[in-house]
Amino acid sequence: MKKFGYAAAVCAAALTMIVSGCGNNGNNGAASSQPAAGTSASSPSASASAKPSPVKSDVTITYAAMQTQIKDVDKELAAKFEQETGIKVDIQAYPDDQYRDILKTKLATQEAPDIMLMDAGIIMNNYQPDKYLMDLSGESWVGKMKDWAVNGATVDGKVYGFNLFSVDGWGMLYNPELFAKYGLQVPKTYADFAKVSQTLLDNGITPVYENGKDGWHSPIWVTEVTPKALETNPKLFDQLNSGELKYADVPEFKTALEQVADMNKKGFFGKNVLSNDWDHGYEAIATGKYGMILVYTSYQQEVAKKFPDSKADTWKMFPIPLADNTGFGVSAGGEVQVVSKTTKHMDEIRKYWEFLMRDDNVHSYYNGHDNLGETSLKGVEVKPQTEGMKSIQQESGGNMPMSFEVATTFFDGSIWGKGMQDLLLGSTTPDKLLKQLDDNRAKSMAVAQ
Amino acid sequence: MKLIKEAAGWLLALLIVVPLLLIVINSFKTQAQADLMNLSWPGKFQLHNYATVIEKGKLLRAFRNSMIIAAGSVLLTNLTSSLAAYVLSRRRTSLSRGVYYYFIIGLIAPINMIPTIKVMQMLDVMNTFQGIILLYAALMIPFTIFLYYGFISSVPKELDESAVLDGCGSLMLFFRIVFPLLLPVMITSLLVNFMSAWNDFILPLYVFNKTAFNPMTLAVYGFYGMYVSSWNLVCAAIILTTLPIIVVYFIGQKYLVSGMMSGAVKG
Amino acid sequence: MNAKKVYPLAFLIPSVAIYTLLFFFPSLFSFYYSMTDWNGFNDRMNFIGLANYRQLLEDTSGFMHDLKNTVVFGLATTVLKNGIGLALALLLNEGLRSRNALRTIFFVPYSLSPLIIGLIFSSIFDANHGLLNGALTAVGLESWTQGWLIDTRFAMPSVISVETWKFVGFNMIIYLAGLQMIDKAYYEAASIDGASRWAKFSHITLPLIMPAITINLVLNLINGFKVFDLIFVLTRGGPGNVTEVMNTAVFREFSAGRYGSATAIGVVLFLLTTVIALSALRLLSSRTEVE
């Protein structure tokens, strides 16, 4: 009986907790604007943030994003916005690999957050924008944004996304001093690239850091040959989208895959390419253990910040020369903020966007996001162009089309990633891989038709 | 001979202890040191890693949320399951057999999120603690009934009979006479269910639309990103989120074997 | 005594209601969804019969491969968890002095979230910086170092061993419970008859812990077939598709917006698990009917 008394005490304690917990969540439905009204008692940290601010508005905007896209500055700006207007922005950071699926489920069940950060480009079609997302074509900021920023957020002639990102692409980052030391020139063809790599390898430097473990990175070796493929076939996007062309019909894709396999075979990626992850890339390239890395143009700033001795901010970039490509394929404008049709706070969201576009806030926003460069707003620049951006623009002669990843339908990043791993493992061939990707794409086309 | 066995046991225990030690040690390192994730001794103990994690991850609030969610669903599950298992195990009819199997299917069936959310909307429990507690209970009831069912079979039926003769009603009979005897299996299922509710962070992502409700496990994710991971903070977050279940486990573990004994094993 | 009155069916109502409404009923929809062309791209949800299933059967490099992996994973982990779990239980049952401490330690992994276990072991198994390769190198076994999670030969065994690591303590506890129910008198009698250790084990221990074996087999099979989190965190089904199982395939299809075929895989997995678990239960309990 003694034992039971003990268990009963535990239960009673737990029960009290629930009752008190449910108590303050009972008024949630009515006043969703005051989250955790009862929390301050149990959490000392809450008392610091819960200043008795003058109540100007009791609205909460919910804002969902992938966890890695949220930086400290986003929370700081949200706090500042709340201070000015009383409108709370509840930034919800979701695990990256679950984010898109959760979003689809929430949209389908009318449970979507007010604002959602979403990949720009034709891929927005995957979320049925027509049905679920607010048409923002008439918003006042549309005219203030650069063309790429609006275009990337436009589907079937309607603007769905507020863009506060940067247009960027992927190219080879290298240390010019290192190249000079070995008398190397920026390669324009794959043959030259292979020669450069071989020279580095012969001198004890692994030519290229490739984070094969993550899966999402390796497909970029193929998507970045888009400019070359477009030179051969200007109708590439339309024909891929209509199904007239398959991936296997694009010679540049096959060539790029063959050359990736070739580089791997020649040891240009070093040992254990599939064990390399993104995290360790900074060190690998900063210390000069590796010679080149395939990255976006602001990456060098991150390296310079972590490893100041590397002087990585002075480094340069060139377009990936696979399939003898010389152009620079870019994104559709990265990640844009879309609004759920179910929102009840469109006015508050407008205020939030106006706030974010204010000069001081744009500055802190872009400075707080290391991965961003150029702003999306006409006539506003925050950071000087990186050396990488300058050099790759120059090398590409301004040939900077969108890459097919964001310009064509049903690009399935996870299948591509797995396929590239297979290729690096040697367990598939470029032909087999392209067929597998085409089959997968055909399945999606069939259900979506 | 005993000594050899003892040594063998501890050798095997190393396989468990070393990975856990890895987390403990790295939680005290700087980010650069922890990047290598090895067992080398941290020169200076970075206790502030914990402070950072608690503050940045809003762990106190998250702890309270996890506590509400886990304790709530565990209590609801145990109460409803023990009642059901009691009736099912005592009335050995084909109907009760059928209902039992109906629950057992739940051990295997996959959860289907979209219709689940629609039901929760109908019940008006989306975005509330009640909602997630009900959902966890629904998912944990099958295993819990399974545990109780076997255990109750070992409680002699004669007890019921004499109690009924003494004029006990069925509710009183259950709560006054039978329930106290279920202590071991109750603790066992409390423990097992508490762990699974505590460790899950996926369902809250679907049910809640509010960061103030985030559970503790999710905080680990906050420091482990696709781009840059701070392993020292990840480790500290792991320690802090795991600590409560370890504590619960230590409190309840002495009942574990005897609970399993008649609960699962006799079933 | 009137059973109907003493054990009222009303006691079933709360659990049946919660379970039915929030779990069983929504899950039932899977059967219907799996026979539609439901997708993430448009509003259509037409009944298309068994077309999704037919497509799965034709997909030898995808679905059939995942099916095979699921079975391999399910069976291998079941055997390992049971074998090691029983061995540990027997060891601890010998009245070791540190029995309680060891029992506590062995059970700890079961209490950790798969997310956390995944993080721990992806670090330990890392080919470049991992603890395992580091340890092997330190003791002069450098030639044994491997890309544990990235080598096609080792990825599956590595994932299987992590799953085993997590569940071995749970199996051990159940076996311990079974062992402690055995009356010592049996062993004493056998000793008097001069029975060997093996004879005691096979004639007394094994038959008497049959219920524990049954429970462990069935639960492990179910858990093994349903695996998702652990594989997802450790390898995401990779490298390539080497560790892809049915539940990671469900996730993959759902991500690709093909909801109909995603639910079809889920239904096949459910049926497969049910058939295997139930036949294991039948087979074993027919030999040990307690009732």
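When the chains are written out, they are named A, B and C in that same order, and each has its own residue count from 1.
Convention: a residue touches a chain if its C-beta (ideal position, glycine included) is under 8 Å from a C-beta of that chain, and two chains touch if they have at least 3 such contacts.
Values in this document were obtained by computation on a predicted structure and should not be read as measured data.
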{"item": "Pair of chains joined by more contacts [C-beta pairs], B-C or A-C", "value": "B-C"}
{"item": "Farthest chain relative to chain C (centres taken as mean CA coordinates)", "value": "A"}
{"item": "Where chain A and chain C are represented by their mean Cα positions, the distance between them in whole Å", "value": "35"}
{"item": "Whole-Å gap between the CA centroids of chain B and chain C", "value": "17"}
{"item": "Junction residues of chain A, two or more chains touched", "value": "97, 280"}
{"item": "Multi-chain contact residues (two or more partners), chain B", "value": "35, 114, 118, 201, 221"}
{"item": "Per-residue multi-chain contacts in chain C, two or more chains", "value": "126, 129"}
{"item": "Chain C residues touching chain A - in the complex, by the definition given at the top", "value": "37, 39-43, 55, 61, 126-129, 147, 149-150, 152, 232, 236-241, 251-252, 254-258, 260-261"}
{"item": "Chain C partner contacts - residues on chain A that touch it in the complex", "value": "97, 100-101, 104, 125-128, 131, 212-213, 215, 272, 274-276, 280, 412, 414-415, 418-419, 421-422, 425, 427-428, 436, 440, 443-444, 447-448"}
{"item": "Of all residues in chain C, those that touch chain B in their complex", "value": "1, 3-9, 11-12, 14-16, 18-19, 21-27, 29-30, 33, 88, 91-92, 94, 96-98, 102-116, 119-121, 123-124, 126, 129-131, 134, 165, 169, 173-174, 176-178, 180-181, 211-212, 215, 219, 222, 226, 250, 263, 266, 269-270, 273-274, 277, 290"}
{"item": "Interface residues, chain B side, partner chain A - complex", "value": "35, 54-55, 58, 60-61, 64, 67-68, 71-72, 74-75, 113-114, 117-118, 121, 124, 126-130, 133, 180, 183, 186-187, 201-202, 205-206, 209-213, 218, 221-222, 225-229, 251"}
{"item": "Chain B-touching residues of chain A, taken from the complex the two chains share", "value": "1, 3-4, 7, 10-11, 14-15, 17-18, 21-22, 25, 28-29, 32, 35-36, 39, 42-46, 62, 67-68, 90-98, 102, 105-106, 108-111, 113, 214, 216, 278-280, 283, 371"}
